[in-house]
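Handing you a structure now.
Each chain carries a letter (A, B, C and D) given by its place in the written order, and its residues are counted from 1.
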Amino acid sequence: MAEVQQTGRGTAKIAGAEQASNGAAPGAVGARTLRVGVIGAGYWGPNIIRNLVALERCRLEAVCDADPARLAPIGRLYPAVRREQDARALIGDPALDAIAICTPVHTHYPLAKAALEAGKHVLIEKPMAHSIAAASELVELAAARSLTLMVDHTFVYSGPIKAMRALIESGEIGELLYFDSVRINLGLFQKDVNVVWDLAPHDLSIMDHLLQREPRWVSAIGSAHFGRLENLAYITVRFDGSLIAHFHVNWLAPVKIRRTVIGGSKKMIVYDDLDPSDRVKIYDKGVSINADRAERDRMLVDYRTGDMLAPKIDKTEPLSAVCSQFVDRSLDGKRPLTDGHAGLRVVRLLEAAQQSIARDGARVSL
Amino acid sequence: MAEVQQTGRGTAKIAGAEQASNGAAPGAVGARTLRVGVIGAGYWGPNIIRNLVALERCRLEAVCDADPARLAPIGRLYPAVRREQDARALIGDPALDAIAICTPVHTHYPLAKAALEAGKHVLIEKPMAHSIAAASELVELAAARSLTLMVDHTFVYSGPIKAMRALIESGEIGELLYFDSVRINLGLFQKDVNVVWDLAPHDLSIMDHLLQREPRWVSAIGSAHFGRLENLAYITVRFDGSLIAHFHVNWLAPVKIRRTVIGGSKKMIVYDDLDPSDRVKIYDKGVSINADRAERDRMLVDYRTGDMLAPKIDKTEPLSAVCSQFVDRSLDGKRPLTDGHAGLRVVRLLEAAQQSIARDGARVSL
Amino acid sequence: MAEVQQTGRGTAKIAGAEQASNGAAPGAVGARTLRVGVIGAGYWGPNIIRNLVALERCRLEAVCDADPARLAPIGRLYPAVRREQDARALIGDPALDAIAICTPVHTHYPLAKAALEAGKHVLIEKPMAHSIAAASELVELAAARSLTLMVDHTFVYSGPIKAMRALIESGEIGELLYFDSVRINLGLFQKDVNVVWDLAPHDLSIMDHLLQREPRWVSAIGSAHFGRLENLAYITVRFDGSLIAHFHVNWLAPVKIRRTVIGGSKKMIVYDDLDPSDRVKIYDKGVSINADRAERDRMLVDYRTGDMLAPKIDKTEPLSAVCSQFVDRSLDGKRPLTDGHAGLRVVRLLEAAQQSIARDGARVSL
Amino acid sequence: MAEVQQTGRGTAKIAGAEQASNGAAPGAVGARTLRVGVIGAGYWGPNIIRNLVALERCRLEAVCDADPARLAPIGRLYPAVRREQDARALIGDPALDAIAICTPVHTHYPLAKAALEAGKHVLIEKPMAHSIAAASELVELAAARSLTLMVDHTFVYSGPIKAMRALIESGEIGELLYFDSVRINLGLFQKDVNVVWDLAPHDLSIMDHLLQREPRWVSAIGSAHFGRLENLAYITVRFDGSLIAHFHVNWLAPVKIRRTVIGGSKKMIVYDDLDPSDRVKIYDKGVSINADRAERDRMLVDYRTGDMLAPKIDKTEPLSAVCSQFVDRSLDGKRPLTDGHAGLRVVRLLEAAQQSIARDGARVSL
């Protein structure tokens, strides 16, 4: 992949792709290695670092954080990795093929833009950017330069979500009726973003991946009990037909709840991420419209109750799959599962929710 | 109370009240008996009947239901009680002091109006009426005739709500921040009202009783997956300041959840009506605003975690207290805990929620 | 069945049986009615009464209790039923075909013996008798007179046990390895029997019905913290091979637990009688003996984890099936599911457990 | 501590102790460092290593494991630590003050004996040894040489156990009545020890620490479904009076349960180690002996139900406290909380349980 670094911006990826397909040795792709730098060693960065280090086709070259106290443990654990305090030292380094950005939300856009402009593949922690405009620009930039732009929507790579996606795709749960999500706990109050931008990206990316539908409008209500940032919010997303999604995110709850209920016309799913044994439960319960007119006068629907199945769930750490996907897609140039478009779709919902909150729940079209 | 029966409509209660205060024999009030008729022997009526029968100061005289199949078991259980198929036979009966109405929502208003006009004290199943106008008229009518008008907001009389009300009243949980309620299950689809009018009265009456605040506006979103009536809805109620209440009601859920979380600035409460052992849990958890400016730059709030207390809860059947309250207040003329005004406050929220649903979540002022 | 009433003791059943098989009119059996008297209207009696009354082929004629306060509510609910204070009034009544005994344990034997001798079919609350000798005598007496002798092992008729029995019978869970049962709560301390005789009959009868194996020996340990009766006990039952059953019964626990785990070589079952939604869970988990010698040096077994299925469970009240079974078997003369032999098998385990407790856990052969 | 290394066996500790008290510089103790070697880098060793490394007064010098594959990751994480494949290289090293033994149970005794004879302080993973004789010899050896002998009864150092110990010590739960423990899951089948020696040391050490009573006898029953080692066992421990303890350990359960119930005459405790929020719950429930003779005829005890309190629990990793305790006690010569005597008490119960299993539950005196 030495060529990639020298061909510079724009053509980098194409050169890489050519090399991949035209390289003399069969299986050369497998032999190549992605040289990665990580910006941000706060809460999430060390997890990304740990998973990147474990990948064969990846070489972690450098880690950057403005705070030396965060770099110290990285030095102890990975003495061979270069440590920097200025992000420009990584972005401008021709020996790096890719950059992973694990910094506060408002810095995602400038860092990612600079990295893409420097011809690097980019992985960004969720949410991808602080605005639709910023996210769109990153998507365009990556497309123009044929670079991999991926967002770390971690849950999309988890066992429960994969099992649920397969179930929905198979048609087994029938027509999708609703998606109800609760993510609450006594959490860390962020100082730069509110609870919507902090917690909702998880659930919005799960919904985006599971439903694969175009939302029509958003309505949201929030409350800021301490300062100006909302610490509690309710978000509704409407789709065509009667499909509806709703999200409760809350930093100020005495108990921890991470539960999603998906209603289908044939089956219903409960996903409780904190259930130690059965995280996904599929209920053979539902209602059927009663076709008999005489009956309809008495009651509109029939009930059906049945078995519940809790399928075996893959327990592999999802972040390992995120990192693996980023490395593989950067090397082979294919579209990652959670590409820039997925990141943009989530940002679009976040910005619409923010606007609706400012207008007391009035609907905001998408 | 012999006079009450002979003086007939309108003046009945006044005569009764005079007798109560002017009666020669001390303790005469305790000796009197309320003669009650129950209209409606469907789902809830038999429960009201069972509890009325058990009260010493009450005599169940008659039960009415248009469906003879519902009257048959009443006859077997209470052979001495008169059975009727026409409500007018009870409302027009001068030998009855009071009427309990346990019929579908849209019949509450005409039946209650007729009963009040006939000089009867009235107990109505929740919600009190189908519209603000109808509920207001009943309140005025009862006031004009000095009759007891009471709504069966059953939960207000339950052990958990009483324990929570005492806690909030004592100031122990601090400033009220939010009220979050979930009431979902695979329920009976009603054919005359949607899920808002069916399930939300429970939670709105609980909120009304616990918070004792004037709501400012309502925003609600619903979805009707089968026919025209919403089977799933999310309702937000805003108060002055940052206090917010939110309700999720759903007839179409694979699991049954009945949980309310109340956030206070000092403590937080979780009320899980389905927890077999600890229905109310009080968490000594919270956040405090950090006064130090330098600290505030780092993080906005401090956390505090502490003990959890699950107080012993009174397990008396709340409907017994409802019936006892109705009988006692009808006899002594004092204001019942859940009077017509309480019923009207809940109907006001229901109608506002319905309007907001029709407008995709736009706020409706109260 | 007119003959039955006149032929009196001893030959009653034979006459009845002849009539059943020789009766001229086809379907005559279905048309007959069992005339039943109930002795004991304390805790369990009223439940038996309520279920007997609801059966078409049964006529509740009389109820007996030494305490008039217990008869009063029976009189209010069932005015047509005769009330007596002396059991002999029922046992000696030629107009009764059958007797249900719901009295303290030590009275089961004399009452049942007298009733059988008087030619009545007999249903006895669990445990059937206070000793093996007494239980054996009742079994012999019923056999000699061709009368129905049935014990109310209620759980055997419940949805969860029926589902589990079907599963075990089908061979789906493989070889039975263990049966582990916990039944604890802050319960009513009985004054006539200890916790073994009070609670363990439930679990021993469940085990007897599910496993259908001959136990070899019993070992038990108990503790009496208040007075002379054990309020906590642990009972082990051993079968041929490596199958083992264990029971924990406790009147003095702060939490209520009703859980049985059944280990099979192919699947395992968890039965939690207090789980509101999924009372029976079938786990596709297990171990397989590792045949590979080299592997065996490293580890003896392989693990297998898989799906969990919670089948839909019949929620019919089991006591209704108990009463229905008693009436039908008394009328048709066939063997009831929980006959005197089943009652005797449970009493045998109880007496052995009691003996082992007296000897600090030493094994007692059966 | 230089003298310690040179004075050699036997007097090592005394020399160290003298130095501690007679050293010229005040605060010298605090300045000294314990030089430790760890034998065994399988499942538990790396956890011990991670916690030792984090301690200021400890220097991890060497790690030994016969399997080089286990040493490799140690080398990557701690490049400065010497790696050895032969335990004698550590035991014979005069530059080491202490040895931590994290190897299979049957090797504990020879390794610990050699280490003590070499004048090293010794920390041993639970159970301390494979027999009473072996454990006793280690206790005597350590006493004779004034060396620290400590067993890693990890749970004793955990937040829940510390909270429960304080509660029992305060007398708040009243007289101790019973201790009931369940530790089951689909676990790793050990090839060298049965489930009693593998899992029960946890619960026996918890009991030993919480109750602080001398047990009188043991009764145990076990079953070996695969091979010769028991994979399921029930152990009863009797004390003077009516205090009783019972343990269920099981490698072959479909669900994971880690729960201890402690019954006291005033309060009761439920400790559920898997409860994510409330691991210790204190119930103000109980019974009181009814002194009234007339009442006693009706029922022997009165019930008392009350509040439940879940105190805030310290979440510090207990193994960190174990390692810290070992280092501090080795340096200051004081008795560690879980010393050799504690280890011996647990081994005594294990051996008695094993004997009882061989005799089908017959009691084995201690």
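Note that a residue touches a chain if its C-beta (ideal position, glycine included) is under 8 Å from a C-beta of that chain, and two chains touch if they have at least 3 such contacts.
Only a predicted model underlies this, so the values are computations on that prediction, with no experimental measurement involved.
Trainee: Report the chain pair from A-B, A-C or B-D that duplicates the C-D interface, where duplication means over half of the contact pairs agree by residue number.
Mentor: It is A-B that repeats the C-D interface.
Trainee: For the two copies subunit B and subunit D, what rotation in degrees overlays their C-alpha atoms? Round to the nearest 5.
Mentor: In degrees, rounded to 5: 180.
Trainee: So which has more C-beta pairs touching, B-C or A-B?
Mentor: More contacting C-beta pairs are found at A-B.
Trainee: Counting only Cα atoms for the centres, state how far subunit B is from subunit D in Å.
Mentor: Their C-alpha centroids are separated by 56 Å.
Trainee: Hey, how far is the Cα centre of subunit B from the one of subunit C, in Å?
Mentor: Distance between chain centres, rounded to whole Å: 43 Å.
Trainee: Multi-chain contacts only, two chains or more: what residues does subunit B have there?
Mentor: Correct list: 255, 277, 305, 308.
Trainee: Name, in rising order, each residue of subunit C that touches subunit D in their complex.
Mentor: 177-178, 180, 182, 184, 186, 188-189, 191, 217, 219, 221, 223-227, 229, 232, 234, 236, 238, 242-244, 246, 248, 250, 252-255, 261, 263, 265, 268-270, 281, 283, 285, 287, 289, 297-301, 303, 305, 308, 360-363
Trainee: Which bits of subunit A are touching subunit C when the two form their complex?
Mentor: The contact residues of subunit A facing subunit C are 277-278, 284, 305-312.
Trainee: Would you tell me which residues of subunit B are touching subunit C in their complex?
Mentor: 77, 79, 255-256, 274, 276-277
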